[in-house]
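Note sheet for the following structure.
Labels run A, B and C following the written order; every chain starts at residue 1.
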Amino acid sequence: MIRALRLLSLYIRVSVQNLAAYRFDLIIRTIMSFVHISAELVGIWTIFHNTTNIRGWTAWHFLVLAGVYRMVAGGIRMFIVPNVRKLMEDIRNGTLDFVLLKPVNAQFLVSIREFVVWRITDVVLGLAVSLFGCWKLTNTIPLQATASFFVLMLAACVILYSLWLSLGVLCFWFVRIDNIEMVFWNVFEAGRYPIVIYPPWVRNMLTYVIPLAFITTIPAGALIGDDQSLILGRTAPLIAIGVAAVSFAAATWFFNFGIRRYSGASA
Amino acid sequence: MTPPATHRGHPRAHSPPPIGPDNMPLSMPQIAVNQLSKSFKVAEREGGFMPAVRSVFRRKYKQVQAVDAVSFTVEPAEIVGFLGPNGAGKTTTLKMLSGLLHPTGGTATVLGHTPWRREAAYLQRISMLMGQRSQLAWDLPAMDSFMVHAAVYRIPAAQYKSTLDELVALLELEPVLKKQVRTLSLGERMKCEICVSLLHRPSVLFLDEPTIGVDITMQARIREFIRAYNREHGATIILTSHYMADVTALCKRIIVIDHGRILFDGELERLSDRLAPFKVIKIDLSADVTNYDFAARGEVLSSTGRKVELRVPKGSAAAVTTRLLSDLPVLDLTIEDPPIEDVIGRAFLDKSAAGSAPAASPSNSDTVAAGAGGRT
Amino acid sequence: MTHVLRAFGAFLRVGIGTMIQYRGEILLWAIWGLVNPAVLYALWSAAAQTHENGEVAGYGRGEFAAYFFMMMIVGHMTTAWDTYEMGYLIRSGTMSPKLLRPVLPIWEALASNLAYKLVTLVFVVPMWILFALIVRPAFHGAPWQVALGVVSVLLAGAMNFVIGYCVALIAFWSPKLDATGEVFFGVGMFFGGRFSPLAALPPLLGSIASLLPFRWMFAFPADLTIGRINHPYEAFAGLAMQTAWLVIGIVAFRLIWRSAVKRYTAVSG
């Protein structure tokens, strides 16, 4: 466990060290981070120029969700997407062999190698916007809501990791489709706004079939804490943990299945 | 303790061979392969529009036997060369021995482990270098990749430093350590790849085409390095290469593989004896000669102006030479062994012409498949 | 001119072949063009329902459905990726061989663009129909409006391609700036009426939008086809604006291109 953490911190350290070589990129990307969040804000401004609340969600509610959405988008791009892209590249180029030669668990190694530090701006900006929205709504940040939010975000991370890893594993069979990640971004697009805007059948699909709600609306609702925003009520964190555990187990099994098939082990 | 009689006496390591957690007696081979096989199911597809459409509905598969009941053993600190044309099964065999592939038949034991179980203890003691692929991080300086490697292999700090210093000195890596791998020349990159694969002091080293694409001078340097490393540390090395020079410079023992079967396993010098017992006579004439039937003396390899090359069976080389010397105005005459590429090339040609032949019998001695060579 | 057309024909053939070969990848890419309008439709129709008259900025649920249905079509027909790709082409050196040809690279880009639109049509048209069947859009367009609408959609496609290409040329001066595409796209989203009908924009944004070409690329063709532009005068004025911007784009391209190549040959070559 300690060794795992040491390895992870090493990869992060190396990534940070090399930022200096790409200063121009860093500046541009930081600016773009601000541009993106501003675009979200302009969108919300436009929406609430035309109405005061949509099914109970006011501008501040929307703000909290927008912040969470940005945090998730930034978080994914910080440490999940780069690793899965590298996995797919390794499968295509045959360099996955080098991963398999190492005396470290292949799934672990494949999940921590890449780290895009500057995406932290998205996470920070998103968090700031969310907290601002929260404060505007309740004037305080209640402790229980924060704890609940934290658990839900953690669960969301695990769910997202599992989803993305599975997309990467598909590369063992569909070698050329490396923009399979577009499937994710397309579905993720639907989480940009609270799922209350959708008709019930879509809402259910986005909660139980594709757990998009667990990644966006539910954590936001938990942070807000008031009753009507809480999708699935106060048991949401427990359900989320359950969903996270199941998806992690499934993704791990799928990854190992892919590796066994890759190395020609009889199934 | 004497090594088995059939093995040529190769220089023992100056330091005792590495002994792992399982203390292996010296008489037991470090690598033991028995009837190892690997077949692949490959989708068949002809070109053209209709076959493409058809393949969407019904896939046709073909079984390809990449490695066919291969057997051999390797002693500690040996350097063995694997030779064979593309697709012969060399890389597949190496991948099975390093644990990357599961065989479809047979067994193999390396350092007491079954490779494809991929036990961490096993992986800690081996290393594989693939000349066609890079394991270094592209955008980082080589030094960073070394650091990561040390952490992954849990190399203690002091050992890492001393190993790194030694390798950097031997490979002359000092100027390139801080440069991004992307900016290095192929030769420099290859040296870094070699360095990183040795950082954890593996007992067994699998080198898959380590000098491919590298310029001649660098090839020689890399060869010298491998030789020195084997002498110093007693690492067992299995090497595949297209360059005969790699094999002749480094390996006393070679294994020739084609179509997944071992054609020859033994000393390099014996290879030409068994596979092509011929000599090449090169004649330099002092005057133009016409009407001389060279073809009656032997196989004419080339005839340009006053230089003729003849290929004759070993046994008759002396007789033919005497004849030529008395018949012709000879300025210079040399008798040579055919180039090793020729020998091996012909072995493969004959193999495919002679049809399938049973594989070499599992033993440590020099062997030759019955169908190869054809002539004795 | 004939040799340009022949080259263009060749590029088009190759482009179509390439698109068919990579159909898996580009279909995944094309799906976004369906998802985004669908999500926005859900959003705006929910917003509309919060009012008694069921309308926002004069659009009811059915009208929003029709509007975003058109946005799928318009969005598809105006797809252009040069703003995203140009920097990469220059950095990787892929631009050099293109510049050596006796034909401007823009022709190849155009052919590729058309090839994409044609090949993906097979897939997206059924999706459009499916969407329409689900959301039941309220069309008010008279035949003459639809006819002019088709023309305006095609003009919009040409506009976005040319103007986009001009913006993409910024990469010749700063090839490492990969943000051009996103910014161009983002501006078009709001000021072109892709995020919401222009009537729904707050006044400040609305006035900015009226100055930019984006409204003619997205909002205008959509509104025209679904019947929100009722005076023929307005319709023809709009088509004229589209044409004017297209001409401006072509002229700007000619001017900027010359400096761009000069810059390229001075710096990288």
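Here, contacts are C-beta pairs under 8 Å (C-beta built on N, C-alpha and C of every residue); 3 or more make two chains touch, one makes a residue touch a chain.
The model shown is predicted, which means the values in this text are computed figures rather than measured ones.
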- Which one chain sits nearest the middle, judging by mean Cα positions? A
- Message: Quick check for the class: compute each chain's Cα centroid; which one is farthest from the centroid of chain C?
- Response: B
- Can you check how far apart chain A and chain C are, centre to centre, with Cα atoms defining each centre and the answer in Å? 29
- Message: Counting only Cα atoms for the centres, state how far chain B is from chain C in Å.
- Response: 57
- Task: Indicate the whole-number Å distance between the mean C-alpha point of chain A and the mean C-alpha point of chain B.
- Result: 48
- Query: What are the residues of chain C that contact at least two other chains?
  - Reply: none
- Message: Under the stated contact criterion, what part of chain B meets chain A in this complex?
- Response: 38, 40, 95, 98-102, 104, 116, 118, 120-124, 126-128, 130, 133-135, 139-140, 144, 147-148, 151-154, 180
- Residues of chain A defined as touching chain B within the complex: 3, 6-7, 10-11, 14, 17-18, 21, 93-95, 97-98, 100-104, 109, 263-266
- Query: Can you list the chain C residues touching chain A in their complex?
  - Reply: 22, 24-25, 28-29, 31-32, 35-36, 39, 42-43, 46-47, 50-51, 56-57, 176-179, 182-183, 186, 189-190, 195-196, 200-202, 205
- As the complex stands, chain A meets chain C at residues 24-25, 28-29, 31-32, 35, 39, 42-43, 45-47, 49-55, 174, 176-180, 182-183, 185-187, 189-190, 192-193, 196-199, 202
